[in-house]
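Here come two complexes built around chain A, the first alongside chain B, the second alongside chain C.
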Partner chain A sequence: MSRETLSRPEPVTPRRRTPQRRRPTSRRPSRTEARNARAAAGFVLPFLALFALCFIAPIVYAVHQSLHKTERTGPLGLGGQEHEAFAGLANYAHALSDDRFLTGFGRVLLFGAVQIPLMIALATTLALLLESAAARGVTFFRSAFFLPYGVPGVIASILWGFLYVPGISPLVKIADAIGWDLDFLSRGTVLWSIANIVTWQFTGYNMLVLIAQLKAVPEELYEAARIDGASAWQVARHIKLPLIRPALVLTTVFSIIGTLQLFAEPMVLRPLASSIDSGFTPNLHAYSEAFVGNNQHVAAAEAVLLALVACVLSFGFLRLVGGGKERR
Partner chain B sequence: MTSNDMHPMHRRTVLGGAAAVAAGFALAGCGDGDDSDAPRERKKGQRITLTFWSWVPGIDKPVDLWNRKHPDVQVKVEKVSAVNGQQYAKMHAAIKAGSPPDLGQIEFPVVPSFLLDNGLLDLAPLGAARHKAKFFGWQWQQSVFGKGIYAIPQASGPMGLFLRQDLFDKWDVDTPGTWDEYETAAKTLRKKGAWIETFAPTNGNRLAGLAWQAGAKWYTTSGDTWIVHIDDEPTRKVADYWESLVKQKLVKTIPDRQNAWYKDLQTGTIPAWIGASWGDALLIGNAPGTKGKWRAAPLPQWQPGGQAYANWGGSTTAVFAKAKYPKDALDFAIWLNTDPESIALLIDGGYGFPSAKKGYTTGDLDVDKDFFGGQAYSKIFADAGTHVDTSWQWGPGVDTLYQRLGDAFTEALADGGSFRAVLKKVQGQTISDLKGKGLKVESGG
Partner chain C sequence: MTTRPPVRYRIITASLLTIAAIYFLVPVYWLIVSATKSSADLFGTFGFWFSDHPRPVDHLLDVLTYDHGIYVRWFGNSLLYAGIGAVCATLLSAAAGYALAKFPFRGREAIFNAVLAGVLIPGTALALPLYFLFSSMGLSNTYWAVLIPSVVSPFGVYLCRIYAAAAVPDSLLEAARIDGAGEARIFAALSLRLMTPALVTVFLFQFVHIWNNYFLPLVMLSDSDLYPIQLGLTSWTGYADRQPVLYQYTVGGAFLSVVPLMVLMTVLQRYWRTGLTEGSVKA
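Take a look at the complex of A and B:
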């Protein structure tokens, strides 16, 4: 993942121990190349086939769906024939004129603007602490922090749901006892209750990515810094943080995409809370259109819009932080 | 496409046949694309298997009985999840993919949504009408649209009031017979620290029932046109009433049939519930510690001494449009819902209130009298069932309507908006939803 690995994709040519073996590329390049190409194709083909089947095909189908609509005939629209007709951008217009869908976008953007920096800061702090020289019980804490990532989102939401629902939640009971009217599921708080679940789940994962990058920092740099009399804080600030920048960018991009796709948590909490509506997040809205309203065409348009926004935000963020100067 | 029971054929014959079918299409001008799946008659002695998607608890038992009695027409139950309407999502998807089962469990309100998909088979040409007299008329009518009969009714849910008699006695509150008395009772209960109900904003189903009781008709038809009346006078009356209870803080607004609500039932924080006949199983299962303390009572009335009731829930056995042996599927659907042995097994499983008129006694439905202090509570619901306004009709897209109502009530509760504004908004949304589905729609105010 780090630059070192990327720049050395192939093992370096064997040292001169076998001089008599000629490098095959020097002569008759055409046949060998053809064979290599065939071999490469053989390796790549299964991936490409699956990729096309599971990734490209659904996207093409979704785009196709988003450009069509269902037309019905027959008395009361029942029992007649239905057929698909080209709809142009009508489904997109419908989606974009739906204020609930747009509100959902606003909500996840707000969510991302608050939750992602918090989570990344927390993950970075934990990673730096666990990788600092003074850390104790590193393996235990690393596993403990990472553990929530192993809990599927739906299960995590159910678990947290029990901690949120009044009448069952011990937290609410304790707050009640000290006269604090705590409601995790009100319209004002529920978004942040969800943010808490997401943070709980993904901080450990992001921490692990950052730790992996920290481990790749050459030991000599720390030695040099120590010899120069740098404090632990200075090492973290001036060596570790700049060097894990690629991992920070990566985790942030993943988090942006994940935030836009927020679905399981509001879906699970919805029956428990009167404050989550069917368009709480864009993904939930698309789901409701497809599976409650049976409007696959509009849902497809919404999914495509969501993917476009995710693209724009992810690449926009990369441009913003990359800008060409840091990245090689 | 080729089914298992086709006779083995040579490849050429098959191709030839396919060509003939294709030519048939061309000649018919693609008038009816269903020719390829034309329903078949089962040959005498031929063994077939029908698939049946259902979630009703204990449905396997009557099906096993049928399979023992009808060795040639085997029915295979495939359980589907009924959580959050997942079963319907699955059925709609299967219809779209062209591979639905032969039979399915479908609730009354969503039957029209499936017609919109061309998902259900019209049973009228198969002579289904001759079975009409075996069922309660209004339940039969729930799946009749125009001349088509699209499902066989299985069970209904006449509405009623469940209450904790011990607490009502302790606090000296009479069982409310009218909605005015209900409000008075709510005030007394509130002084004792309890709440008479929760107005669950996302429960469109019950709201529909309450509007139904008040005389609303959310959907009517005129010629080819659907007329939507969600914002009609009776519904406004119901909305005003509940808005007033909410504003006076006489009812909670938590979701119902969720953990927090069950907890309130167990502790007596909410000592009453406007429910339906199938609610007995729900209370028995979720508040076992309150055994013997509950009673059922008729739904409060708008007019003193009135007899207006409504239905909440209830479902049908429907035959999907692609069913290969529709006659046998219909026979099964009729048998399942009218045969006394089948009904007895279904009642044991707790499926609701039978749509069939005969084959059981009201007493059979008292699954656990002890829970209700020995009361023959099913009689309350049976009486209600005979006074349900039978002209109520469901329209297409009810699932979306419930979602719209839930979203709008959620918003109104949060920002103090009026419930009348909710009805107005949802009325408009529903009309544009139906237009979006390519239907002719008008607003009925």
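Take a look at the complex of A and C:
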């Protein structure tokens, strides 16, 4: 976890003092402490029980599933009794030797490497423009940019799907009229058409996060810079950008996690674009492995791999940007 | 006072902002125009302008009554999942975050770290295993299958802890205890009230999160009576090839579902802003 972004509040009792705190406890547990523990348990346990059911149990179950396979004892492996047998890493090997799964991974990585920087750059530019003294109509523009965040991914994909598909799309019609053969859904373009949907949806949200951090910067800092003769560009480049770094890190990490989960957009566009196959993204692959291929064990292995890669990438990014810099 | 920026800058800024606004608003504009069209007009007329005989009311009524009003049912389901889910998630997060902030107990930091890890785990990576788990418990394809995972919000706990640590003074709690108030009562009457801004944020986040969630209901539900709106609409687009009138219904249905959320989004913009700062700046 990054120190700047998701840093935790100081514990009420710093850890170093724990031994001293224990001494009175070992003598006689005070009434307040027992009362504290009881109350705290009452408050935390409902959440904790459901957290265990919906976060910890599925992870444990997925790991277990991914290490087992289904075996049938009947003749020719048909019918008969089904039972689970330990499979070692066979399911992982199966997933990792599946070209389409790996291609899907490569595809979302390429997607992220292009789309995330573009989106963050766009969000930063819009945030800086809206917060600059030269902007007019700030409330209107801010709302207009944020509006797409209120459109669920599925609806956004349906919407853009209509704007992509020849026959309905006015964009394709306009391109046709000026003699441009525009195809949003071809093998080469469809990934970037999806990138456009994601950018459209989330730029405004990221922009709001950045604006929030810009507003947290004391106004005097800008005043001082201006009095020192700094231009608007210099203020943006040397004061504002470094100050919104934590928010940039935060939005990037959440974008990385979001990109790896890419699912709704390709799923919705699939009927329109033959270039989207069932392994287009890792998530789509795991989904069809589970529900079309009926292979829960491989699907579980793929889900585990997906979560691992997401962890590695987001922690890796946090290290990369936070590396060697004590910011407190 | 600072001098006003030169006209040149103001013109450049205004034009860039306008171009961006066009990009973000055009699809919404298209949706509004298209909601007034029949399937034939969707294909036959220019998408960015109205047809000769716009009939928005009739078309939207068609959407609502098609297939014995299944759309209304989906809308109700979405409201149920997102409404109940978000209320429960907010209360659970508030209680947990409050305890993690205000009661020193053993294992507290371990719990908090697990919660933080939960924030970073991709939700869809959990959905498949959760489905396997729930179907082995006989819970899949029920309302519970979507509701139960929706009430758990690690991000909410994180936010509530940060907020409670700053907004609920220890001295106030001590005073209430000395006056003989029980912990549950202190929480309900005092702390919840002091935490209200954070609770509004958690509620909104979770509401939109559940409303927008597609993967979880997709894997959990097979009975179309239980579908939330998103899932229902994609089932329509799946059949539109064979039954072209569904194009029109999909567009109308998308329009009806988007409008309330966009209004909510615009009205509640400032809550989002304050909520997000809590996570990144205040800590």
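Worth pointing out:
In this section, the second predicted complex is superposed on the first by the 285 of 328 C-alpha atoms of A that agree within 3 Å, B and C clash if a C-alpha of one lies under 4 Å from a C-alpha of the other, contacts with A are read in each partner's own complex, and residues count from 1 in each chain.
Please note the rule applied: contacts are C-beta pairs under 8 Å (C-beta built on N, C-alpha and C of every residue); 3 or more make two chains touch, one makes a residue touch a chain.
Note that the structure is a prediction, hence the values are computed from the model and not measured.
Of the two partner chains, neither chain B nor chain C is touched by A:252.
Contacts of A:271 after superposition: both chain B and chain C are touched. In the superposed pair of complexes, A:296 makes contact with chain B and with chain C alike.
Touched residues of chain A were counted for both chain B and chain C, and C has more of them.
By the touch criterion defined above, A:211 reaches chain C but does not reach chain B. In the superposition on chain A, contact is made by A:167 with both chain B and chain C.
Comparing which residues of chain A touch chain B with which touch chain C, the overlap comprises 162, 167-168, 271, 290-291, 296.
Of all the residues in chain C, the ones that touch chain A in their complex are 2, 4-5, 9-10, 12-14, 16-17, 20-21, 23-25, 27-28, 30-31, 34, 42-43, 46-48, 92-93, 95-96, 98-105, 108-109, 111-112, 114-116, 118-126, 128-133, 148-149, 151-152, 154, 157-158, 161-162, 165-166, 183-184, 187, 208, 211-212, 214-215, 218-219, 230-231, 233-234, 237-238, 241, 247, 250-251, 254, 257-258, 261-262, 264-266, 269, 272-274, 276-277, 279-281, 283.
Put simply, chain A touches chain C in their complex at residues 1, 4-9, 11-13, 15, 35-37, 39-44, 46-48, 50-51, 53-59, 61-62, 65, 122, 125-126, 129-130, 132-137, 140-156, 158-163, 167-171, 173, 200, 203-204, 208-209, 211-213, 215-216, 223, 226, 232, 246-247, 250, 253, 257, 260-261, 263-264, 267-268, 271, 283, 286-287, 290-291, 296, 299-300, 303-304, 306-307, 310-311, 314-315. Those residues of chain A lying in contact with chain B across their complex are 69-72, 75-82, 94, 100, 162, 165-168, 187, 271-279, 288, 290-296, 298.
Residues of chain B that touch chain A in their complex: 32-33, 84-86, 89, 92, 96, 112-113, 115-118, 122, 145-146, 148, 200-202, 221, 224-226, 253-255, 258-260, 263-264, 269, 396-397, 399-400, 403, 406-407, 410-411, 413-414, 433, 436-440.
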